[in-house]
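Next up, some structures in structure tokens.
Shared between the two complexes below is chain A, which has chain B as its partner in the first and chain C in the second.
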Partner chain A sequence: MAKVLVVTSGKGGVGKTTSTAAIGAALAQNGKRVAVVDFDVGLRNLDLVMGAERRVVFDLINVAQGIAKLPQALIRDKRLENLWLLPASQTRDKDALTDEGVGRVIAEMRSSFDYIVCDSPAGIERGAMLAMRFADEAVIVTNPEVSSVRDSDRIIGMLDSRTVKAEKGEQVGKHILITRYDAARAARGEMLGIEDVLEILAVPLLGIIPESQDVLRASNVGSPVTLNNPASAPARAYADATKRLLGETIAMTVPSERKGLMNLLRRRAA
Partner chain B sequence: MSMFRLFASRPPAPATAPIARERLQILLAHERSSLGRQPDLLMLLREEILAAVSRHVALDPDKVMVRMERGKNVSTLEVDVELPNGLEPALAAAS
Partner chain C sequence: MDTQSEPVRPALRLRGRSYVAFVFAPVVPIVDWLSDIDETLSRSPGFFVGKPVVLDLSAVDLSRPAISHLLLSLEKRNIRVLAIEGVDATALASNMPPLISGGRSCPVQQPAEDKKESRTLPPTSLLLDSPVRSGQSIIFPEGDVTVVGSVASGAEIVAGGSIHIYGTLRGRAMAGINGNSAARIYCQKIEAELLAIDGFYRTAEEFDATLRNRHVQAWLEGETLRITPLN
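Here is the complex of A and B:
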């Protein structure tokens, strides 16, 4: 049974696209057939983070409007053969996306993929609403910071009211993914702690991604962080979060950077 | 600043996370309530209250203050209308 997963947050810049790429790649590494879909019409970036920006021909709107067939628009990842990308349109107006059009595309994708991971744009406009519209599960990306937590709360309310599942009286499965977490600052009381965020949002935790330079390194070279440096702290955190998404029970830890000499040397060499 | 203070360890900054937590709890409790689901409610109340008052008194819109205070358990809406004295003749003429 295919699962539609939306990666959302309300607030921008918290790590939705990074998380979509990392979780999409990790699901594919676990043997699933995965498509990651960019809903950020006009400001697409998932193609860039995935390293496929030069291979975009058709996009989500082309498929939704019937101008291109789905297989023509899907871009196969060069590293993982069971990972595909459906890019967003860079030029069209975001109002070109319609409920029916997206519904048709998602329905078609359900028959050929195990996971369809929808990268939501920031905000609560049409693109964000359509990204969550057909979701079975949601990953709510949250930074331990007041504006991000507030926006996540707003998005949680929408997942419970504006999705097809909610309208049928069912529940979208919700998971909090805390990103850019700095354990030292949280310990000093300078940053909201994990318990604070979870208590306020009352949604179970999927994983804790530590603040790390590896995230920027990975996006610089156009590779999901889980593929670019699998031993890095954020990659391990994303790999664990993905396993939890797949139903495995994995102890919740905050992976930290290994600062050993060997690691330092290895990093220099890389 | 003395030279020694340059080298002395700085006093730890006060923990601000508990303040963030408290502020969020109050704000979200409000936003999740029925009041919060209608973001324009304040505007609506303001307009309707002013319309009601101005049916009887000539109002200067600049002399009206509307304040909202969101508390943990109750919120208050405060409408402060300044009424100049000696308006009765103007009111009679208007109606």
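Here is the complex of A and C:
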């Protein structure tokens, strides 16, 4: 039975799609059967970041409406044989998604995958709500700055009230992933520090992904950052974060571009 | 001589009507049965007043004086018996309600169930033991609200009584909303956007800078909202 993981944030442009691709690929590299699903109907990006934009025939809306079968829509990754992509539609918009339709697709996928990673759109409307609706766990992507933190807090409130799990009285497992972290700017007080973010959000920290030019390089060539340059700082950080998702205990560090400089922070549970 | 014949007066036209009556069927021991009635009456006093009651004596074997005594006991409880069934005609005296037969059973309204809610006190305080997230609105006009955790920016707590926050208040707190000007707001750290007590409010702009990072209480002095440190 698969675990459904939603990568959400509230705020736009913080790194949800990048993180979905990176974590999806890292999970596949760890031997899991993974499907990454794009819920950003009308503004799809996951297919670009995965390098599959020229192979899209059917999408999530087609499958949800019964026009296409799931195997027809799933696109297998060329680099990792146990990684699949279910793209979003570019011609429709979020109103075409329905609770029952999405529910059926997720239910059908549960039997064939170990992890279903849902890339949520920004905002708190239907696309974001449906991406989180069937989630077992959530990765809340947050930039260490005030707007992103407040929006993440809103999304956490929704994870605790608008998901199927919350309605049943259970809890969706929540993790914070801090992205675009710049240690120098945090030291100068231009960015919120890690402790500040965690104090406000009161959710356990999954990982800290440093700001890096490798992210754009990877997306330009259509590859998850963990596959394109595994030795880069963000790739190492995503790999660590994924291992923590799988249950391993790894000391929380901020991988740095410069060799020899490490900030050692103890893993903090809220 | 008047030979006109008197007009024949028509015979009395009788009409039939059926009524629903409550059937009281006493069982042995009668004393216990009477105390059951008392129990029902204590929960719904006057339930049987004005309602027709038929006494069904088929389950008991009562002598004429015993029936008389039973009728008196019921009258003491304001239950007036319309008719009696289930006995021989010889058992009834002429001053007792008449014998009746041929009734059909039908559903009747039951005396109201014991309203347990009226026995328990309504809650006057709300406890939240997880943080209040941005966009959430907690409204509790009945009394105090206590939050064990922080209140996020963009969240609001609205209480009829006082508000106690064991954490950082970053959102809005509005206490004493039903005119309770004695209500107070307490928090471990103040970063609030707005504080209000009984309609008198202050926004973050007007908070003193010396209050930052301190335990704080806010209360109403006349028409001024005072905010002072607690330690």
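Methods note: the second predicted complex is superposed on the first by the 257 of 270 C-alpha atoms of A that agree within 3 Å, B and C clash if a C-alpha of one lies under 4 Å from a C-alpha of the other, contacts with A are read in each partner's own complex, and residues count from 1 in each chain.
Keep this in mind: a residue touches a chain if its C-beta (ideal position, glycine included) is under 8 Å from a C-beta of that chain, and two chains touch if they have at least 3 such contacts.
Values in this document were obtained by computation on a predicted structure and should not be read as measured data.
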Query: Should the pairing of chain B and chain C on chain A count as a clash or a fit in the superposition?
result: clash
- prompt: Which of the two, chain B or chain C, is in touch with more residues of chain A?
  reply: B
Message: With both complexes overlaid on chain A, does A:23 touch chain B (first), chain C (second), both or neither?
response: neither
Message: On the A-aligned overlay, A:186 touches which partner chain: chain B = first, chain C = second, or both, or neither?
response: first
- prompt: Of the two partner chains, chain B (first) and chain C (second), which one does A:157 touch, if any: first, second, both, or neither?
  reply: both
Message: According to the stated criteria, A:196 is in contact with first (chain B), second (chain C), both, or neither; which is it?
response: first
Task: Give one of first, second, both or neither to describe whether A:237 is in contact with chain B, with chain C, with both, or with none.
output: neither
Query: In the superposed arrangement, what residues of chain A touch both chain B and chain C?
result: 150, 153-154, 157, 200
Query: Touching chain B in the complex: which residues of chain A?
result: 145-146, 149-150, 153-154, 157, 186, 188-193, 196, 200
- request: Please give the residue numbers of chain A that touch chain C in the complex, ascending.
  value: 150-151, 153-154, 156-158, 160, 199-200, 202
- line: In the complex, the residues of chain C that touch chain A are 130-131, 133-136, 149-150, 152-155, 168, 170
Field: Sites on chain B touched by chain A in the complex
entry: 12-18, 20-21, 23-25, 27-28, 31-32
